[in-house]
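The two complexes that follow have chain A in common; it is paired with chain B in the first and with chain C in the second.
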Partner chain A sequence: MIGVGKAKQYANVLDKPLSRGRQEVSLSAFAFLFSELVQYNQTQVDNIAELERRLEDAGYAVGARVLELLCHREKGNRRETRLLGILSFIHSTVWKVLFGKVADSLEKGTEHEDEYMISEKELLVNRFISVPKDMGAFNCGAFVAGIVRGVLDSAGFPAVVTAHFVPIEGQQRPRTTILIKFAEEVLRREARLG
Partner chain B sequence: MAAIYSLFIINKSGGLIFYKDYGSAGRMDTNDSLRLASLWHSMHAISQQLSPIVGCTGIELLQADTFDLHCFQSLTGTKFFVVCEPGTQHMEVLLKVIYELYTDYVLKNPFYEMEMPIRCELFDLNLSQAIQKDRVSLLGR
Partner chain C sequence: MTLSRLLRCAGVSTAIHRFYPVSVGNQQFVFWIMASTACFVIVSRNDIPIYEAEVGSVLKKEEAAHLHQFILHAALDIVQDLAWTTSAILMLLHDSRNEDGIKSFFQDVHELYLKILLNPLYLPGSRITSSHFDTKVRALARKYL
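Here is the complex of A and B:
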């Protein structure tokens, strides 16, 4: 994600067209900003669950805005109303705009009907982050989980979204799985729609 | 085969923040490595003052009978140095690579406290890969 396109300067932000194609920012700049975000939130909390929640809330605001923008830019002011539609929208469209690539996989949970998983071998936000041993299973992917929750919630699919490290066999680094657990009402609506 | 004996990273006040040895030669215990790191820090500072050249940045290479010591100092005063077999080539490049890994996997890590000992899994992982690659390329020559 290196290399910044030279954008034309607009005096008024409202004059700027929304569909400006793909713009990329420096990965280093993002990594430092994200690192500061985590460090700041760390000073505001006294336990890890609280830190996770704060990161998720930060992501939620991004998700809500991203949905708004992408529905306008990519889908001609229409948004997905079906479960699989919105999931593949997140897996491909949202991921591509945010991280420059489609997510590695989108799977349905085997044990529960209401669970879906988006997995990423090397999540962009975790690229430079090593979580210390004493923080247990804490994952900075909570921010991305928050983005996913923001998109889903704003699109009318309330869900609980969490980020987890999942070890892969034969690999030193675990992958990150974003676990999505939809609310009951969503599944009931889906069943009714057939 | 040319070999690296050990790698040190010291912060701007001379404290050892990272130490790793490779192979049996020149291995030392924790106290010795701390002592050597601060010794090098002082020698480096004195050499800057003693040098007849204006704007000298300190010792870059120390050659002894049994080892070479290559040092790289970043703009912020963090020093990286490797002790290696006499006559080992391309150590400057390796030090730059290590510096790059430090800026990526240590400085961008929100859980690292500045000037404190480096305990980052990703840094260790990428460092051993870089050293491995360096060994392979040395063997290939």
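Here is the complex of A and C:
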């Protein structure tokens, strides 16, 4: 039952401690909520691109908060100033907290200097979702791409982040790749910092 | 260039006793003590102040406004220069007096700010209007300063 428990009642949220609390959330509850989120947004938009953008914006809000919270909880108030630092922070810490495991892989793009990819065999948010053919290349992983963009943006590394399906030989379900393309200023600053 | 030199160059004669620009995460918290007034400002990205508090007696209004802006921008410049050289969230740039109290004050206010940020209805970078937050910050100011 919802709401049953022995949680101490606080008058105001500012008085509640920022402790870790319960680490786990029910997967079915999340899947249900996420499916409602997608369906609600579907009724509000006319095309696929807009739907992806909305999911991304929803993820962005999550990402901004996750960054601050994790810096406070996990890293004892230290923040990342280098590119590789923030990428490995996302790839391990953020993924661990959100999805219970580290991401499958983190790769640097071969064609462009400013591209990086985080891959996952099956994104948690996509586990119970199948996309109909007429929606083309739509990927609900846009939500996760939004989370990554939120984290990067709030840390001072503006980037364009998108989610793509990558078909793999011998597997029925394609792998999902989050493609991160950093803005010019990030690369310039990285070069300057040496 | 230290702040007092900067102010003297600008011809502003003021008794600024202590001055602490602090970079905390993505926001900059600036705090300074002038005569008997202590002023604390939280500034978001794009240099927009999202929270201000003055503790103690208040200076003459007209002078105060300009001065606050000036000090604020000078502080932000100093912080931004150093922001990428360190991975610390809390940078205290000042002549060290009362260091522990100030540090604890900023840590506690940072925690309060985190709680505000976690509110899904709060737009990051907008003004903090919660009176409860205001009360708590002033209580912390009284406690640590």
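Operating definition for what follows: the second predicted complex is superposed on the first by the 174 of 194 C-alpha atoms of A that agree within 3 Å, B and C clash if a C-alpha of one lies under 4 Å from a C-alpha of the other, contacts with A are read in each partner's own complex, and residues count from 1 in each chain.
The definition used in the following text is that a contact is a pair of C-beta atoms (placed from the backbone, for glycine too) under 8 Å apart; a residue touches a chain by one contact, two chains touch by 3 or more.
All values reported here derive from a predicted model rather than from experimental measurement.
Asker: For A:N47, is the partner it touches chain B (first), chain C (second), both, or none of the two (neither)?
Answerer: Neither: A:N47 stays clear of chain B and chain C.
Asker: For A:Q171, is the partner it touches chain B (first), chain C (second), both, or none of the two (neither)?
Answerer: Neither partner.
Asker: Between chain B (first) and chain C (second), which does A:Q23 come into contact with in this model arrangement: first, second, both, or neither?
Answerer: neither
Asker: Kindly classify A:L69 by the partners it touches after superposition: chain B alone (first), chain C alone (second), both, or neither?
Answerer: second
Asker: Touching A:F32, do we find chain B (first), chain C (second), both, or neither?
Answerer: first
Asker: For A:P132, select first, second, both or neither according to whether it touches chain B, chain C, the two together, or no partner.
Answerer: After superposing on A, A:P132 lies in contact with chain B but is clear of chain C.
Asker: Looking at A:T110 after the superposition, I want to know if it touches chain B, chain C, both of them or none. Which is it: first, second, both, neither?
Answerer: In the superposed model, A:T110 contacts neither chain B nor chain C.
Asker: Which partner chains sit in contact with A:R189 here, chain B, chain C, both or neither? Use first/second/both/neither.
Answerer: In the superposed model, A:R189 contacts chain C only, not chain B.
Asker: Of chain B and chain C, which one contacts the greater number of residues in chain A?
Answerer: For chain A, the partner with the higher number of touched residues is C.
Asker: Residues of chain A that sit at the chain B interface in one complex and at the chain C interface in the other, please.
Answerer: Correct list for chain A: none, the interfaces share no residue.
Asker: Taking the complex as given, what residues does chain B use to touch chain A?
Answerer: My answer: residues 104-105, 108-111, 119-123, 125.
Asker: Can you check the complex and tell me which residues of chain C touch chain A?
Answerer: The touching residues are 25-26, 84-90, 107, 110-112, 114-120, 124, 130, 132-133, 136.
Asker: Please give the residue numbers of chain A that touch chain B in the complex, ascending.
Answerer: My answer: residues 28, 31-32, 34-39, 42, 128-132, 135, 140, 172-173.
Asker: Please give the residue numbers of chain A that touch chain C in the complex, ascending.
Answerer: Residue list for chain A touching chain C: 12-14, 16, 18, 61, 64-65, 67-69, 71-72, 77-81, 85, 154-156, 189, 193.
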